[in-house]
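Shared between the two complexes below is chain A, which pairs with chain B and chain C, respectively.
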Partner chain A sequence: MTAVQEPKFSEFHDNDQKPVGFGRMLRKEDPRFIRGRGRYTDDIQLPGMLHLAILRSPFAHARILSVDTSAAEASPGVKLVVTGAMLAEKGLAWMPTLSNDVQAVLATDKVRFQGQEVAFVVADDRYHARDALELIDVEYEVLEPVIDARRALEPDAPLIRDDLQDKRNNHVFDWETGDEAATEAVFASADVVVREDIVYPRVHPAPMETCGAVADFDAVEGKLKLWSTTQAPHAHRTLYAIVAGIPEHKIQVISPDIGGGFGNKVPIYPGYVCAIVGSILTGKPVKWMEDRSENLISTGFARDYIMRGEIAATRDGRILAIRTNVLADHGAFNGTAAPVKYPAGFFGVFTGSYDLQAAYCKMTAVYTNKAPGGVAYACSFRITEAVYLVERIVDCLADELNMDPAALRIKNFIQPDQFPYETKTGWVYDSGNYEPTMRLAMDIAGYAELRKEQEEKRARGELMGIGISFFTEAVGAGPRKHMDILGLGMADGCELRVHPTGKAVVRLSVQTQGQGHETTFAQIVAEEIGIPPADIEVVHGDTDQTPFGLGTYGSRSTPVSGAAAALVARKVRDKAQLIASGMLEVSVADLEWVKGAFQVKGDPGKSVTIQDIAFRAHGAGDLPEGVEGGLEAQICYNPSNLTYPHGAYICVVDIDPGTAQVKVRRFIAVDDCGTRINPMIIEGQVHGGLTDGVGMALMEMIAFDEDGNCLGASLMDYLIPTSLEVPDWETGYTVTPSPHHPIGAKGVGESATVGSPPAIVNAVVDALKPFGIRHADMPLTPSRVWDAMRGRATPPI
Partner chain B sequence: MQVPAPFEYERATSVDQAIGLLERLGSSARLVAGGHSLLPMMKLRLANFEYLIDINPLHDQLGYIRVGGDEVRIGALTRHRELLESDELASAFPIFRDAERVIADPVVRNRGTLGGSLCQADPSEDLSAVCTTLDAHCVIRGPRGERVVSMEEFHVGPYETAVGDDEILIEIRVPRRPGSGSAYQKVERRAGDWAVVSAGAAVWLAGDGTISDARVGLAAVGPNTTGIPEISATLRGQVPDERVYQRAGEIAARSCDPVTDQRGSEEYKRHLADELTRRTLRTAVERARS
Partner chain C sequence: MQVTMTVNDVEVTREIEGRLLLVHFLRDVLGLTGTHWGCDTSNCGTCVVWLDGEPVKSCTVLAAMAGGHEVRTVEGLAGNGELDPIQEGFMQCHGLQCGFCTPGMMMTCRALLDRNPDPTDAEIREAISGQICRCTGYSTIVRSVRWASVHEAAAAQQEANA
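For the complex of A and B:
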């Protein structure tokens, strides 16, 4: 047996000593994952369960002339074959998307992207279901596809959405923000204007677990039970009620353990609806699990923005204004997950962390013959694109001015006394103190020495680059007055019940996909009511067991549900104080809270613990006048503003001049997410996001050929990074609490995914400076870097 | 989960029994070794075979590395991992360890085999380039007995080899000559990805330090892994130095036949053929000298 070195538990576990509340603590959920006892959708086995497989379009754009299912129906084990025409008869062929568009559940008239759902088979096992797919005979008339978003609005471009009434072109929406005239005025009189075309290519969240569902419709009870891979079980339930006409109280959506979401599991996919229809029609539970290729070619992609960035500044490096024009490729159906009033998500924060005089963005979104989505892939609603734009264009400006990119940023930061700061696009940043964060990152990196080393290496012909990015995110959507998804306000409920013996259960509307909610939320409650996290059960992901709320994405769990958890715990504590005053026979005002107990002011000997109080709340003795028994509360938290985490990232790369391979040598990430609940979990989130960033910057892209064939249909073709591509992450932190969040926490789930791609690209471009390069688009594969070294950096699309 | 079409499965009990089955079942049957090329294709339903004959039970007979004085013999079922870990093989032909370090990942290397790699005949396959570089010979056995073919004869085209439907690749034989050094390098977009381009080089130095023979094998730059005779002809008799490597690199760039794809442009791949040829020759010569 090999000897394994015992980890020093003190390194992980400072919370054991505290004894309750915030601090490093091993994750409560990990024993079940480590021991293989996680329970994912594909682990659900029900008696008599059938299996569903989906036939998908081989073409990007084609008219369906006929569908013959007779051979498939006669195939062994097949129970049911359903086509778009059959769904149309039931009024179920189309469903709403999260952006008020419609999407085909099964195609009836045309297929509009490769991989679109055309028919499904339900059979006794997944092999028979898949075998039968090959026997469905679909006759197509192939149409010219629109693959390049730049072609979508050309007058002779083929019309994709002829299903929409009066639609004559491939236009989805126009959107603008900021002040066009004021911005133009600043640009017209600025010393320096830098312009750059910047593409953020289409990428895919590619969670390890693909999407799937088990639908079990009980015709007698009229109840639908649906296990599905969803990041937003409550929102999904409401939508199913609206679409399928099943009363909402007769629908139970269960989101069991989820193997990664990253936004991919926010939308409702046709496959979920097919599983429901399959169960209703067969009277049996039906499981649908998509395979890897299906996940990559048909489910929610992210990014796909073609941007022109412009920045205006004074000669001495004062940034005056930023302007951008964006062409957004939304695929065949507009399925972007974003609050309704924000068709471009929170892209409006492209003004970054800088104090500007003016800003303006104009965006046009188009349909193309590609998969729909545009999800919040770890991007807090398009903030990834916005941060990439501003952090790339600021670097271009530094190059133009021949200024150090760190110094240029520091010179233009919004100052601490300017918060709350309203940007020129109307976002009110809650708090921030940017320079210390930046300085800390530079200290950890040894920035001055790195620049010296770079100079020496350049003299020897070696290619080393240092890239910086500084980001401000807007997360925690959001105030319900402004933010809703299909009419559902983005506020979150939370319920807390303390049992007689002083153990507790907290029920959340948000669902974890690996972020450690079962630990973080137990710690939030523990910090407020002094019950150890181990004694607090976190219940989530089951609509029958939890209060309503909008789900986990856009880094909103801690900013919204985390606030709800803290406030509901305070409500319980307030009641506990009333009961304690009765138990100690003093007035409420004479009690003080010492974590875990109320004690009489100035008399530490007289106190009752929260456990004592819980027992009394359920016990036989008298309670104070007007106090009901029990110790529980519920709340619905409506955030008054978003929270605005920030961070400073520095990346060091080396490029092999002979092969153009990029190696990320070091990466320093200093994050400020406000109050830190469990630093170990935060670091885990940051490590994962940084790895994502390496993927996007260096290798990931969902590419298409000119016929619209997806070239990223497997993980052999769509590369995601491994541990061998990433360095030993160096992390640090500063703490600037959110003023309006009850515990000052800001959210960190997506910070690293948002902040890292520009740092890496900036580093590569910096390394290539000797070749006169100012910009090169992602993904920076060896071949594309080699082209850039020859002065031929080309957009990837 | 990706699921294959239905198939029958049988475990081989001996080489001759496997050949008997192949003879009887014809082209509807396939051998499965490590399964790391065959099974993904079957799961994607790009390949559908009615019968699979599993030769893994023959690992005791066909999984070996025998380093002799005149040649090295490697059984077709030898796994990537065994090739990677063999010190004897690494000291005779360091190119194997160089290559195995960059082939796939540990999970694939635990199962994938030398024979499966060569028989798959993927143009990006690394071990084919290694075997081409070393002028290996392949021992093929069928109902009519055994035959030995060179790598040039072995590769008939992309995904096509000289192994008939009723035959099994048994062994690879690599001749040993004095004064040898060898090396392999690969450029990949990510660890475990197939090569953008890879190159292997082997040199044999005479007593006076000149090159008595040299071979270069490239992967991913043409319909099949490519050996380049012109490089051998140009290098023989030369004193190895940068100028000579440069000429070899130029020949490599011009003699190969890459296409533009997701991994890189044709031009970049030609550049890599040049760059990696020089690098591997340089290392091979250093190793031959030491």
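For the complex of A and C:
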């Protein structure tokens, strides 16, 4: 364990040391991006390419009585108009979701959310395709919509999923974890019990690039080439093979440069399938790119959990148990993406970073007439909701006990000697050392001085708040015997080939959406085999070019694929050692590895570099007996456990008492993601997640009116933080390596999105303490804060 | 209708529909895909280009309106194969991740430095406040612009000394 504050940025010198291994290194992908030469899905232009546009439902719940496409078909430039009825004839009207439900590609019977796909047009350009949408005449019989998840459970609520045989209610699933009786026993005898209703509203990842695809079906070869905005190209390919009946080897899914994913690009959307159908039917390449409103109203949302949190403790601040009851809104189709055995994702880690005696969660998930989705927006499979719950309720307890929230947390941390630590809900935390992380955050913040300043300001009637959040995440899904998506185990392949001149290519099954894989993975391989990162080409995002794997989401790339890259490099190194033994005419045991070369033990003068070895591996000279030529290897890595990064976040806010505007003055984030590969990239990931946190805590919400109209259907209505709403981030780090990961690394991509919302809300609630407030629901817009100051904070849904 | 404009110092003439947006003219007609499209409401700024040296959101400009004017895009930012200090700064300071907002951000930031060579952090934040980045959290973009500012000043000083 080391505790080091991130060095202060110096803009005056180039500190890019081009490490052969870990360290700050400029990104290999940047030269194309800064020249405008990124290649995103909408940049793909193919000869004869047509454009597809989708007609969407204006209603949240309505029966389709008729669809008349004749005028649209006659519209200039139109090549094809397809309805749900036409797809049904081909058996393509429905497709499986990643959660074993089905979702309509185009609606045939009813529309079940505003924005649902009803028909599509293929035309010679995007304007003509949109023109024709206006000419499709759909007759609807409007039905009562179910918008509030609580209404979905009422016996007389309209039945949303009458397409499912024998479905008589709006339940998706019931799920529980922990020990109900043991938890009740602890609560019954506890000195103090605090209860709070906590809503995590529906939000949307809204990546800057919307979703889209270019499908190119070659009828002669029987081959489908699909460029699409997907975070999981291999999983998508398998699904297309199952849905469309095209043999898997005849499908190539290419995920080119992706303009941000954040989980929004994990599911398969009807638009992708429409583009494939459009290309098959027209014999031409077909491009579909949704517009911003389509992205916000129809693609994977996130959260939408109504939670009751309860915490039991002793009077002196020993936390004993946490219990929660959750109502989860999954929208019209269960389009969430979570490992099959985990319908609520990894919400089971709601026990947080604390050593408890008991814990219990009961959850009910329902269908509503809202867009499908659920697992998105950098949530680490619902850990955002879990961390928000526990870190909010712990603050409520601190308020009840009149204890400092930092002291309460420190008092209850799982101790370093308790790791590996099995939680009361069955999660085995691999490693952690929480208190130094917390202390470092407090040091950077100047916590004691901040509390003093707050006291002085309160005396003057000024509203200043300090909020703390301490999180433990579970990332890197996952061990294949426990975790699969539609039966596909969550392991990751990796291939490494060293060319004769000692340059290399590494092929990954994961895919980048801005995380910098082309750099980070080159560094991982470089660390293991001593070839400089600049000499290592990273290939990803193309199913024809890369080994099978489940893709990038849930912060899984470094924990799973990063391990695969390290281990495949070690395999290559082992072979290199055999070849080196022949070159140096010593036994393998007499060789030692110094980064980039094998040398005879005790004789630094006798050595061969990895480049020498690579040439020998491909050369005409003899190789040791039994050693094949070439220098390459492949692997499929099946993680033995998840990795459990942690972090301590402190937020300082000022609230204008006249306008109730919250200003985030400072934000200190200390993260521990184990071994750090590229600190620059890690810092960037943290900064981005913190900004998401400000968005969710203060600005963002996908709201609906009572008819099911989405009120966040554009970036004028769905507010995303700009440079003016966020502070200059202050970061630090500690290092507690993962004991089971080959290089000790843990995932970090979503840590800040998970950890920051409770810190911000805790800060706002802390600022509002003079008003007797213990909780207020996100997003803490001026109007909601204003209401809270008057004791009537309106619920967000 | 026919439209003629200068794009990155090259005069182009094309037959277009009157309703064609400048962003689509650049991307789909001229194949300059460095300029991106991200919303329909002028909120995101991924489509920022220069019209006669001023940053504009090209999703809200008709191609026809650019007729007779000079347009500059990210493809025209590097001169004679040399990177503009803004481009270099974004790379040095990790001012980009997915790269989607980057061209628009760089065009705005270049224009800022042209009129204010030594901006404060607050001035930089103000300048980019009409644009959205989902990845970086903006701090590194601010650093990138300062990097460019400092290096340009140093280069100018060197030139003056020489």
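Criterion: the second predicted complex is superposed on the first by the 778 of 797 C-alpha atoms of A that agree within 3 Å, B and C clash if a C-alpha of one lies under 4 Å from a C-alpha of the other, contacts with A are read in each partner's own complex, and residues count from 1 in each chain.
The rule we apply is simple: contacts are C-beta pairs under 8 Å (C-beta built on N, C-alpha and C of every residue); 3 or more make two chains touch, one makes a residue touch a chain.
Computed from a predicted model, the values in this text were never measured in an experiment.
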| item | value |
| --- | --- |
| Partner chain in contact with A:542 - chain B first, chain C second, else both or neither | neither |
| Touched partner set for A:291, first chain B, second chain C, both or neither | both |
| Touched partner set for A:724, first chain B, second chain C, both or neither | both |
| Touching partner for A:127 - first (chain B), second (chain C), both, neither | both |
| Contacts of A:180 with chain B and chain C, given as first, second, both or neither | neither |
| Chain B versus chain C as contact partner of A:404, first or second or both or neither | neither |
| First (chain B), second (chain C), both or neither touched by A:659 | first |
| First, second, both or neither for A:786, with chain B first and chain C second | first |
| Partner chain in contact with A:716 - chain B first, chain C second, else both or neither | both |
| Chain B or chain C, by number of chain A residues touched | C |
| Residues of chain A contacting chain B in one complex and chain C in the other | 42, 126-127, 291-293, 714, 716, 722, 724 |
| Residues of chain A touching chain C in the complex | 9, 11-12, 14, 16, 26-27, 29-40, 42-43, 45, 125-127, 205-210, 257-260, 262, 291-293, 513-516, 680-681, 683-685, 687-692, 714-716, 720, 722-724, 726, 728-729 |
| Residue ranges of chain A in contact with chain B within the complex | 42, 126-127, 130-131, 134, 289, 291-293, 658-661, 698-699, 703, 711, 714, 716-717, 719, 721-722, 724-725, 781-783, 786-787 |
| Complex interface listing, chain B residues touching chain A | 1-3, 5-6, 40, 44-45, 105, 187, 189-194, 196, 262-265, 268-269, 271-272, 275-276, 279 |
| Chain A-facing residues of chain C, complex | 17, 19-20, 24, 27-28, 31-41, 43-44, 46, 73-75, 77-78, 83, 87-88, 90-94, 96-103, 106, 121, 124-126, 128-143, 146-147, 150 |
